[in-house]
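Just below is one structure, and these are the notes that go with it.
All chains are identified by letter, namely A, B, C and D, in their written order; residue positions are counted from 1 within each chain.
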């Protein structure tokens, strides 16, 4: 049985595993103070194009969202996010666990609009009782979004501008950032993300690593004593090398971008196959996650041969499922899918 | 200048103050262990009609919401509330401060519908990934709501039934409960509230006390070691008598209900005055809070003589304001208002 | 039966109650924005001798400790306190509830020494792994301490100096500050406290108020958006006047100091009585709390006529109890005690 | 340069890495639902000798302590630990971050005594004001302790008995459990740990894994909806296989115990070398962590060739350092150390 269930069904990209193996017996200090972490940080800063950026590694996506948001917000602040944002719905209340409110605003296809954001902020400050309400202290967006969609450079710039007007940092969740950057249909580069955001992360778990996310603070704004804050959230690992070696490899010879590109190529072919089988797409996604509407009977048949992810039920007889490609998807997988759909 | 700004503009009902004065020099033990607390609890249990109920006193509304919700929820649970619920918007993230998510659902005029609640719960449990989402662990409603509206007995019963079906406690925020019970337009009694809810509170601050809310656990469900939990939230006061004496007075000779009735009588007269001046009501409120739409020019004139509360701006030239009556509103106040509107 | 159980056995000083009664029917805005709060703040600033100080009112002691400590500490910081400090032992983990560690250091008779404090801080920064430990971010002392003892001006100055050297704010818990200031055996004035501490509070609950503590930020260091932070901790009361009127009265015509002085006079007489009956004092306390060692048999007899507080058992046959005087203690009470001890 | 800095200086044991490589391209579901997690759990339950035990995997030690303690404690409870316990001092306040107090009790060489524990618990319940104090809700011990020492079976049984008498769960931090079990000087088996503790974990990070700890609930006491609680603490990783494959390998053919035994053999040889060089041991440690007292001059010389860990300064001219062996320590390393000490 083949699987398009997610982009984390396989282990690590072979080159990542090779690097872990080759460095395995080296004696290194713990907690991220090793040379591979240092090297990976340098490579990432270069790729982002901000020499003075500060980079830190964490283990997973929810952890990263929780650590960044809770260390950057002040006590009285909350974080604005789309109603469909990962932190709003699928992280089991991880932000609230840190004591902070997620201030949900309307979205379209997973994206928030600068105008909607501005309206929210204007409304907050115009309310005479706003000191009795959670103060907005950060804007969270995901790129690609939970629906695989992307912000255009213009859209991202507008959101960034609103944030600057209100002096609120913009945080971009890049759990799948590689797939966004390498989409056929984007004008947003990694450098743009660095310029327009105050903090963001480059996802490893879903783009070729066993685990790991690289957080980038772009404006000398890394929280003070960040290591202590990470530690007390249980998010500091002893063998920091595990993250350092992986990101060092991913950012050597553009591996991160090459494998992201591969996943995009595979996704475009997958879309062709869906079209050929006259399947209806739930929405237009230019990245590696594709949302397809199936008649329930047809889906049941497919699932005997292909693993996919349940997304939602638009009506009684149909189901939206997600098919994700990744660095590990092969042409053979696609051929099997094609056959299974026939 | 007269004021309809809120129902907490004056001190305490004179009889409450008299009792505080008369008992002032008695030596009593602290932390709620005095005889006035005991007596008040007995009277409240009798009024609610549940001899085995457990009653505790807290200082204010937000504190009460925060203490009840955070001690009754399990770690992995959140509380369902209307998007307009006090805990959702006007308590500065007090529930999130305790680590728990407020799960907002749609509302109408401040009220949630049993069908909407059921749909939410069904959807949660049907989602194959629901273990990655905050589990609903309580339903919060306010009665009267933040818009002064009331649930009918049938509506409340339906919500209560959904809660029982899903084994989730129903919590009723009764910061203004007296005004709800004594409305001309309700079939819900205090005994009904006791029967249909798992926990609720009888508001003192907005109904004649200097401060204080009486929490009622109706089903032997008071959290274990509740005093310790209250203490560590900074919510335990040394002179528990301050709350005990006040509630003992409010529940002697039906004072709580009589002064609530007075506020309702005043509110009905206020509505008549508004109608006479052809003012448009923002919505139909059967309780002591009235929401009136004003042309901005007219409002500015009024505010020179009468204090009211800003609520929201429905459009550029109009403002919705709240006028609240209370136990302290007089016929003279209403006459002044009438004059000011002319 | 007479009571020396605590300094919060009676209601409010009659003048406080009178002021609450006289202002009862005035219409005032809520949440501390009324004229009595304003007036009380001015009077307190004058008494402290710091015109630019910022004053806020909260309801009780544990709440005040919790609000101040948690809003002034950074995420990665904890608060240093004596092992016997109120926040260390008798507040049910209220500081930990806010996510922060209490860093306990050794004490003597409830007091910490500047040298011990300095040793702790030096040790922390000398430890090569200190980033893996909670960073000390505040020093908490109580004055009078939990044992009724007092810091001398020299001791307080030394502690303050260490704090400044390490750039850590000094917070003084003054739940019983009046009794400290008016002790026969102190050279510390209210102005000294203001000069030497970064933040402190003037206790009302135990010095003549029904409830209430007045927090004083002495260096323009009131946390930003403090009202929002108070609100989300459930510590903001609607009728802020309740606190404003009380403190306005307490700081009119030196009432706070006069009634504190009365309690001290009574305590000195109480000590004389104990001496006359050849009772052994657990330690030398120059304030209103006296700790007396009783043979258990003798204590049992006393408790039939006089209420006292259990403190600890130094051995099998003895018990230490606390006898507290206050503004409400009378010469008749002392005479009764004398008789009961015979 | 060779290193005895810690037991986490190298990557993973080669067999662990081999298993990760061999399973790398298998498509597996996420979040711990894969067959390797299942298999590892079965093997661990068998090794512990409790078929009905429940096993869960987490990433690191601090995270594991924080997740277990905060999900097993009730709101009003704290955890008892030695003053030198890892959670008390070296986890940057991770337990307090979850809102709970660490109740420190005296220790000797890192160990608490059943009698001291019992005295603490007796004292708590005898105190008439104990409801104003954090209720003890769990006992935390580490085995080996932070000083490398071990509890005897008799000591562990006595502590377990006190816990049962007070109905408080006993939690054993086994970050280095393998080294404890395989010590030459212990009568405590893995099965004993299972029988005597309510919950414990088998450390992977420090015993041959890249990362990972296996938590064992021995009495059907795994917290309800544990996955949701893990997720909201940011502690759930997408590729659960990373932990499953590693523990599956460690518990195949007794690898975990064999490599632990190797580290112990190396530690005994290391002790012989220290003795031969007439070095003074800070305390007697029967496990892989050895604490050696050095004259500062001598230490400086050594550190040019051998990496060790700073522990503490017993006086001006001496330093205690830690030398740790592990699965990766070789006879060559020891020979180098011997030479460097000459």
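Quick notes on this one:
As a working rule, a contact is a pair of C-beta atoms (placed from the backbone, for glycine too) under 8 Å apart; a residue touches a chain by one contact, two chains touch by 3 or more.
If you're wondering where the values come from, they're calculated on a predicted model, not measured in any experiment.
If you match contact pairs by residue number, over half of those in A-B turn up again in just one of C-D, A-C or B-D, and that pair is C-D.
Relative to the C-alpha centre of chain C, the farthest chain centre belongs to A. Measuring from the averaged C-alpha position of chain B to that of chain D gives a distance of 50 Å. Taking the mean of the C-alpha atoms as each chain's centre, chain B and chain C sit 33 Å apart. Chain C and chain D, compared by their mean Cα positions, are separated by 42 Å. Each of residues 76, 91-93, 96-97, 99, 131-134, 228-229, 231-232 in chain A touches at least two other chains. Listed in rising order, the residues of chain C touching chain A in the complex are 31, 70-71, 74-76, 99, 131-135, 223-225, 227-229, 231-232. If you check the complex, the residues on chain A that touch chain B are 76, 78, 89-93, 96-102, 104, 126, 128-129, 131-134, 310, 313. Residue ranges of chain D in contact with chain A, taken from their complex: 1-3, 5-6, 8-12, 14, 17, 20-21, 23-30, 59-67, 91-94, 96-97, 205-206, 210-211, 228-229, 231-239, 241-242, 307, 328.
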